[in-house]
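Accompanying notes for the structure given below.
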Amino acid sequence: ADALADITARGTLRVAVPQDFPPFGSVGTDMAPMGYDIDVANLIAEKLGVKAELVPVTSANRVPYLQTNKVDLVISSLGKNAEREKVIDFSAAYAPFFNGVFAPADLSIAKAEDLAGKSIGVTRGAVEDLELTKIAPADATIKRYEDNNGTISAFLSGQVDTIATGNVVAAAILAKNPPKRPEMKFLIKNSPCYIGLNKEQAALLEKVNAIIAAAKTDGSLNAISQKWLGADLPSDL
Amino acid sequence: MSYHFEFGWLLEYYPEIIKGILVTLELIAIGGVLGIALGIFCAWVRALGPAWLKPVVATYVELIRNTPFLIQLFFIFFGLPSLGLQLPELTAANLAMVINLGAYSCEIIRAGIQATPKGQFEAGESLAMTRFETFRHVVLVPSLQRIWPALSSQVVIVMLGSSVVSQIAAEDLTFAANFIQSRTFRAFEAYIVSTSIYLVLAILLRQVLAMVGGLIFPRRAAR
Amino acid sequence: MSLIEITEVRKSFGTTEVLKGINLNVEPGEVIAIIGKSGSGKSTLLRCINGLETITDGSIAVAGAQLLDDEVHLKALRLKVGMIFQQFNLFPHLTVGGNVMLSQTVVKKTPKAEAEATARKMLERVGLGHRFDAYPDELSGGQQQRVAIARALAMQPAALLCDEITSALDPELVAEVLAVVRELAAEGMTLLMVTHEMKFARDVCNRVVFMHQGRVHEAGRPEDVFANPQTPELKQFLGVS
Amino acid sequence: MSLIEITEVRKSFGTTEVLKGINLNVEPGEVIAIIGKSGSGKSTLLRCINGLETITDGSIAVAGAQLLDDEVHLKALRLKVGMIFQQFNLFPHLTVGGNVMLSQTVVKKTPKAEAEATARKMLERVGLGHRFDAYPDELSGGQQQRVAIARALAMQPAALLCDEITSALDPELVAEVLAVVRELAAEGMTLLMVTHEMKFARDVCNRVVFMHQGRVHEAGRPEDVFANPQTPELKQFLGVS
Amino acid sequence: MITFTLWDILRNLLLATRWTILLSLVSFIGGGAVGLALLFLRISKRKAFRVIAKYYIELFQGTPLLMQLFIAFFGLGLFGIDVPAWLAAGLALTLWSAAFLAEIWRGCVEAVAKGQWEASASLGMGRLQQMRYVILPQALRVAIPPTVGFSVQIVKGTALTSIIGFVELSKAGTVVTNATFQPFTVYGLVALIYFALCWPLSKSSQILERKLNVAHRNH
């Protein structure tokens, strides 16, 4: 079946979005999803001329939602790797990854190699998990938590020395004035986020890529980045 | 069906799966042994123990039995550090298992103790044993034997429930499944394999418990 | 000095007084039968002597030591006085040998080998030496009760309390248990037994105590008590009227 | 034609044969006592006749119809033959009246009013008309057993099987149950009863069947069987040697 | 950052609790009905039925509920069967609790004296009639406390439906924590609400049990 045709016929775009991974996806006081990924979902739906239907997902079930055709797109800050690419297709990058490794001031860390002997908390399956697994030295311990909240709680309760997360999240932690004030040690580079689609949906893939490209040029994606990440889109995205 | 199942690639991840199985086995071994021991102690307190301890144990049992395991786990792992007790995730998971099974087995074992004929207590005491000696040597074994099937079921339930420890990064079998699916996006294969392993573990565990029962209870003598 | 001295003992359950002032002295080597209607307080009296019930008033002394209600005194008492129950109360998870050895090893800390030797001797004495490794549920009621006797004897008590120890037995099995008791009596064991076996009481006992409504109503040598009951209650109980 | 025809019936539990070829015909109105040692197969025989056990070999026919092991045949059989057990087996959650009415309304689909009338009549017959609304646990054992008889009678069976129906009763209560049975016999009910009450068997029965090791060892009129036992086994059983 | 007041947190948790309650009810009622059918199979005279029921129970008691939910929702979806989440949740919870309830009830049925089966059989009742009029009414009395006790497990079990998209109490707790970074307040409240739901159930189960024992002793 042609997914794009289905979407147009249906008049809705069903998108899997996170609700436990700020700033990409979390909830407001009315429990409605909000965040970078949600805004992108709405943007794409708008450009397709259909309504967006947001399906909140977790890291464990976001891809099964796609595989069983319960959603058309997964906009859930997906990172890309070879194994994942065997199973689903990825669009062009739609979000930069401003996530970094954070730790209290008294820990001297400047690059991945300095993580030796340290423990790092990450959210399982997130981009930083994939990246850090690649670049962290062998004797660094990566602790993978279910969601962002687990990662942050582990850091605040001292269960890990450092965490990898977004700068906006780190700012939110700082605002709560914890005893361990996280400061950015280094940025995890070159690992943007992609939109996930089912394989063999060339029409939809092409359309989504076109929308992303347009949004990059007309500044609407940059606005989303400013709003949620507090920074401009990097030029190389 | 558009999805193509492929299981061969899972072999690549066998170290994660083996490690997961071992952690799950460790959780159930430690949780089972210490949890039942704690359950015996609490059952003794509730049935025969000193009056001042009874409300303490009762509160513990009610709190644990009426809140989800996951929440208990969070409080142990994320909460205890604020009291200065920092436990590694596996220790925290083990502790949560012991505390959880302790509360459930307490109630089961207590029922077994209460079903003991009064004459057994009296016979023990009239042989000059203290109340505790009577409990330890006369009452305990037949009581456990009486409720062993119920206790075994509870142990299996707690073993299956242990899967949530993956949420505090304890690398059990469910963690392995989640880890694999997060790398490969092949959730179906990962979960089907882990579910099958859980089923095998549950069946084996039941048999091991039946064997243990056969060893510690020499005969079907409980009335 | 009497072995067991019971003075003005009273016992109430809630508001009902079950023992209403019992006086009874038991001399060493005496064999006493306690008879009386159901509900007259016979079991309660034995249970008080063994400390299974706390007395409300009066005093009980065994071998000169007062019976007090704390674990140390109770334990000392129970080392001197053994008790055998109507329902045998063997420990189902232990073998016959295990039943007889348990309290020796636990209470007296007797080494295992020695406890086993004692156990074998006592089981021999009740004619069950060959069932050392059997489990209680493999034995007949009569055999179980004999094991219970051996178990009590293994603690080497100065006196034995027996509460209707043949009442739960089939008629054929009563004789084998009574034979054991008869032998114990002949060997000089002090026995205080509640029984409905009048013939046995007459043959074996030195003294018969008739209880009625929580009191010792009549007592004396079996010849006298059975042949010449003095009170109408005893007459009625014995069926001579 | 006999009411119950038992031909070469065999019954094994696993490898042990408990009934080893039983032949017995019961005529309408006959009252038969089955006696024999414990384990001789008396209960098993009654249970086979009622279809509670499946026979291994041979045949049983009631009122000409073969006993087959399916629900339809079993139901037909049980409408003709009632059974009363040692343990009463009243339904504890129903009143006395409910016990007697249940099978009528459920099995025979008798309208409730009619079933109640029958129940009252049957309870009257066993002397318990006034306990219609009591629950079984408010009755004495003897009364419970009489309710069980009334319950069986309410199905208007052609014959009643009674398995030691007085064995679980205190001696004082035996008489009241036997009185009911005696009356049934006098009214012409066909009765097949396992009993240990020799005097009753002698007084009331037309025929006595002595079972021994799974066989009918001796049978005949009570006068003959009790006064002149032929086999040494029966002699020993009756205590005349 | 949006700020949640304590009231916002509590309100959202309570709203999510509606799902917990609804799912519990579905699971309990559906599980009860299927469990009863399963009970009949489990104690049937036909060996094949007993074996089927036994394996069913073994399967559903031997695998994590989380996986059962996952398979009911996504597994069927793989075969092109589009089950809505509420149906998958209802189905999985029903099948799961049926396995446990059937096993609990079997114990209760077996606790009814054998003589009751025999007496009712000898009165000509068929198997269903025996169950309906004689065995179940008696088994029911003993079955109530453990059944109510198991409902506590059901309430807690519904937490796992988050895997198929339900934002019930536990999931709402996680989501709110991820927006507020106040794990203690949120999980404290979650624990409290669970306790408020479960404790009355446990307590009434205990009270019923005690009543039953007293009734037994009076017999």
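Each chain carries a letter (A, B, C, D and E) given by its place in the written order, and its residues are counted from 1.
Simple rule for what comes next: a contact is a pair of C-beta atoms (placed from the backbone, for glycine too) under 8 Å apart; a residue touches a chain by one contact, two chains touch by 3 or more.
On a predicted model such as this, the values are computed, not experimentally measured, just so you know.
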Query = Smallest number of touch links from chain B to reach chain D?
reply = 2
Inquiry  = What's the minimum number of touch steps needed to get from chain A to chain D?
reply    = 2
Message = On a CA-centroid basis, which chain has its centre farthest from chain C's?
response = A
Task = Can you check how far apart chain A and chain B are, centre to centre, with Cα atoms defining each centre and the answer in Å?
result = 37
Note = Between chain D and chain E, the Cα-mean centres are separated in Å by 45
Query = What whole-number Å value describes the gap between the mean CA coordinates of chain C and chain E?
reply = 53
Remark   = Two or more other chains are touched by the chain E residues 70, 74, 78, 183
Message = By the touch rule stated above, which residues of chain C touch at least two different other chains?
response = none
Task = Provide the list of chain A residues touching at least two other chains, using ranges where the numbers run on.
result = 60-61, 64, 67-68, 153
Request  = Would you mind giving me the full set of chain pairs in touch?
outcome  = A-B, A-E, B-C, B-E, D-E
Ask   = Can you list the chain B residues touching chain C in their complex?
value = 117, 119-120, 122-131, 133, 137-138, 141-142, 145, 217-219, 221-223
Touching residues (chain side chain D, partner chain E) in the complex = 50-52, 71, 74-75, 78-79, 82-83, 85, 87, 89-93, 102-103, 106-107, 137, 148, 151-152, 155
Message = Help me check something: in the complex, which residues belonging to chain B touch chain A?
response = 2-3, 74, 77-79, 81-82, 86, 88-89, 166-169, 175, 178-179, 181-188
Ask   = Residues of chain B touching chain E in their complex?
value = 1, 3, 62-63, 65-71, 74-75, 78-79, 153, 156-157, 160-161, 163, 174, 187-188, 191-192, 194-195, 198-199, 202-203
Query = Quick one: in the complex, what on chain E touches chain B?
reply = 58-59, 61-67, 70-71, 74-75, 78-80, 103, 152-153, 156, 159, 170, 183-184, 187, 190-191, 194-195, 198-199, 202
